[in-house]
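Labels run A, B and C following the written order; every chain starts at residue 1.
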């Protein structure tokens, strides 16, 4: 058992290397900061200004916090696009032919988004929020950062499931990720409280990542009770764990059915 | 063959350089002179990187020369680009150059518009070409489903869409299977009988010999010589090699005495005989067969080997 | 020349039909209408519904320009068809403008989508007191958008990675262009920058067309939009020509 874990950890580490190499290939420090980060901060700013348009400072604060945390989810959902790169690069059949579990490779392959997302969210909460007139207690923001990291992991699991679906329908890979992201934005309490939506959607939101974690973050930033915070985090972990199980199953099914119907291709 | 006075393609002291950082510039074409008559099928023979594609690109106005002049159908490729473009058709070999998601018919109709044909005229021409190239029954399928040979025929159809007087075919049969290549050569023969001028680049000597009225050899950006196809044929036979196995020792010494034999080398069981005269291979084979040797084969020289012989013989300096 | 124009439009339509993933913006961005409408509805500000619908629609138009029009020339180069195009007697700029025009017109479907989402999901319909002016504004906007897209398609050929440009020119321009939130609410020092972007004039005028009162200074504002469009055309075509000349001279683009 321990050898399996050790082997999988090694595979993960190699997948991480591949992931960060992808990142470095696209961005340098300068372009990441000026091109990517600025665009991300503009996204949060747009919603902040919608709050300003409405004219209610509480709304502005709600939107800034929601969108700052959502940024992590938005970026992490890029896993749907980058997972497909594995297929397009033609390495999928090689992966499946190897003794390791492809799920581990896929899981590790897109982790650069976790780091990217967390960095952007942190910058947004710490540096952008005050500029936008939303002053959050610094110690609370510090507490929020690891919570955002946790949220990013559960969104990652959700994203991996969608990415697995996207592997089957390659032409839809970008749309699936983007639509998944918008689903999260709309239902999980980023822009409006979950209560805003009719009952069936409220139920759906309970099983989506980000819902409970975001609630916990808001509670922390308002100095709310530690019990509420822990409950929110606990639920988020449970949701994330659930999606992880679904992800493992999805990849197992993908390989199994792909081997049956010959859809595992060497290229795209 | 030649009916009108001015050549279809006239190249004088053409040069093309590419600058490189920290190194002297690379001369892709160096002082090239070439004249192709109207209605001629002219071959440009050379190894990869010799400058064939560079010359084609300059002639079809896609690339500017560094110095020298090139006239196509009497128009300067630098100053009269529109006139040149209207009068030529280009066929680039390989996979690129077609819109793979679209169908053959859609591709050709678009190109017909790009060659400024009125819609009715263009559509008719597209149907003619689809039939002629044998693509009619698959004309509405996406090009990405086509075989290599079919794509190449579509390339040729595209080149002919404007009914050009002059066609430039850049390595059109590269990567094709022999059957498809043979069919393609038939098409080229038809083009010649229609009176079109064709510039055909290739690194296949047999193809050059089979199709062209004249052949120019190019290497490292320099035009080495212009020959008739017969000469190419002579080289192919002149520089053949004969390989034989388990040759008795006295037969080997007979071989050295055969006129036209350049050298005989023995390595283990295998004897290799280099010939330097036309027909010598035949004489060598006779000696071997008479000597009871049954495992024999002849090998045609590669382009590089021919070059080495030809250049060596003529004392031509290679840059 | 018109024959060539329409042939290129036809070609682009066929390409879009065979590669529908190009029109992703038409699916994903109108979905943002849901988010915007939820926010304004939740705050009891139904008077801001036009802002939400128009904002998402204009974002769709800009995003389509970025992700589709911007890539037009670059995808030809990447796909190996650019040389053939250069060797053809057809003027390259006519081809590009024709194709950009089709894509731009298609992107305006985003307006219908946003309106439909507002009606189906939130039960709001948006009255249009000044339909004629609205249509005229949309036409001028399309014109300016085509001109601006020609700059993008030239620029993205030069960039080592068009992807970086595309990702970074989206939200900053939604903000600076006042697409959702009027430019007047932006900090003072940003206003001059916004005023150079035709989007800000367009967004303001379109929002005014949805108000009961007659929009003030409609004609001068339309003139500004058209004028900025003309400048964009000039810049885009000059850049395209320069790039094509560079390709002929150097045999390749040579990255910036």
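Note that a contact is a pair of C-beta atoms (placed from the backbone, for glycine too) under 8 Å apart; a residue touches a chain by one contact, two chains touch by 3 or more.
All figures in this text were calculated on a predicted structure; none of them were measured in a lab.
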item: Other chains in touch with both chain A and chain B; value: C
item: Chain at the geometric heart of the assembly (C-alpha centres); value: C
item: Far-end chain from chain B, centres as C-alpha averages; value: A
item: Centre-of-Cα separation between chain B and chain A, whole angstrom; value: 55
item: Approximate Å spacing (C-alpha centroids) for the pair chain B, chain C; value: 47
item: Separation of chain A from chain C, taking each centre as the mean of its C-alpha atoms, in whole Å; value: 29
item: Of all residues in chain C, those that touch chain B in their complex; value: 3-4, 7-8, 10-11, 14-15, 18-19, 79-81, 83-90, 95, 247-251
item: Chain B - residues contacting chain C, complex; value: 18, 54, 57, 60-64, 82, 85-86, 88, 90, 92, 94-102, 106, 109-116, 118-119, 142, 158, 162
item: Partner chain A, residues of chain C touching it in the complex; value: 20-21, 24, 27-28, 31-32, 34-36, 38-43, 45, 48, 51, 161, 163-165, 167-172, 174-175, 180-182, 185-186
item: Partner chain C, residues of chain A touching it in the complex; value: 26-27, 31, 34-36, 38-40, 42-43, 45-47, 49-50, 52-54, 56, 59, 63, 171-172, 174-175, 178-179, 182, 185-186, 190-193, 196
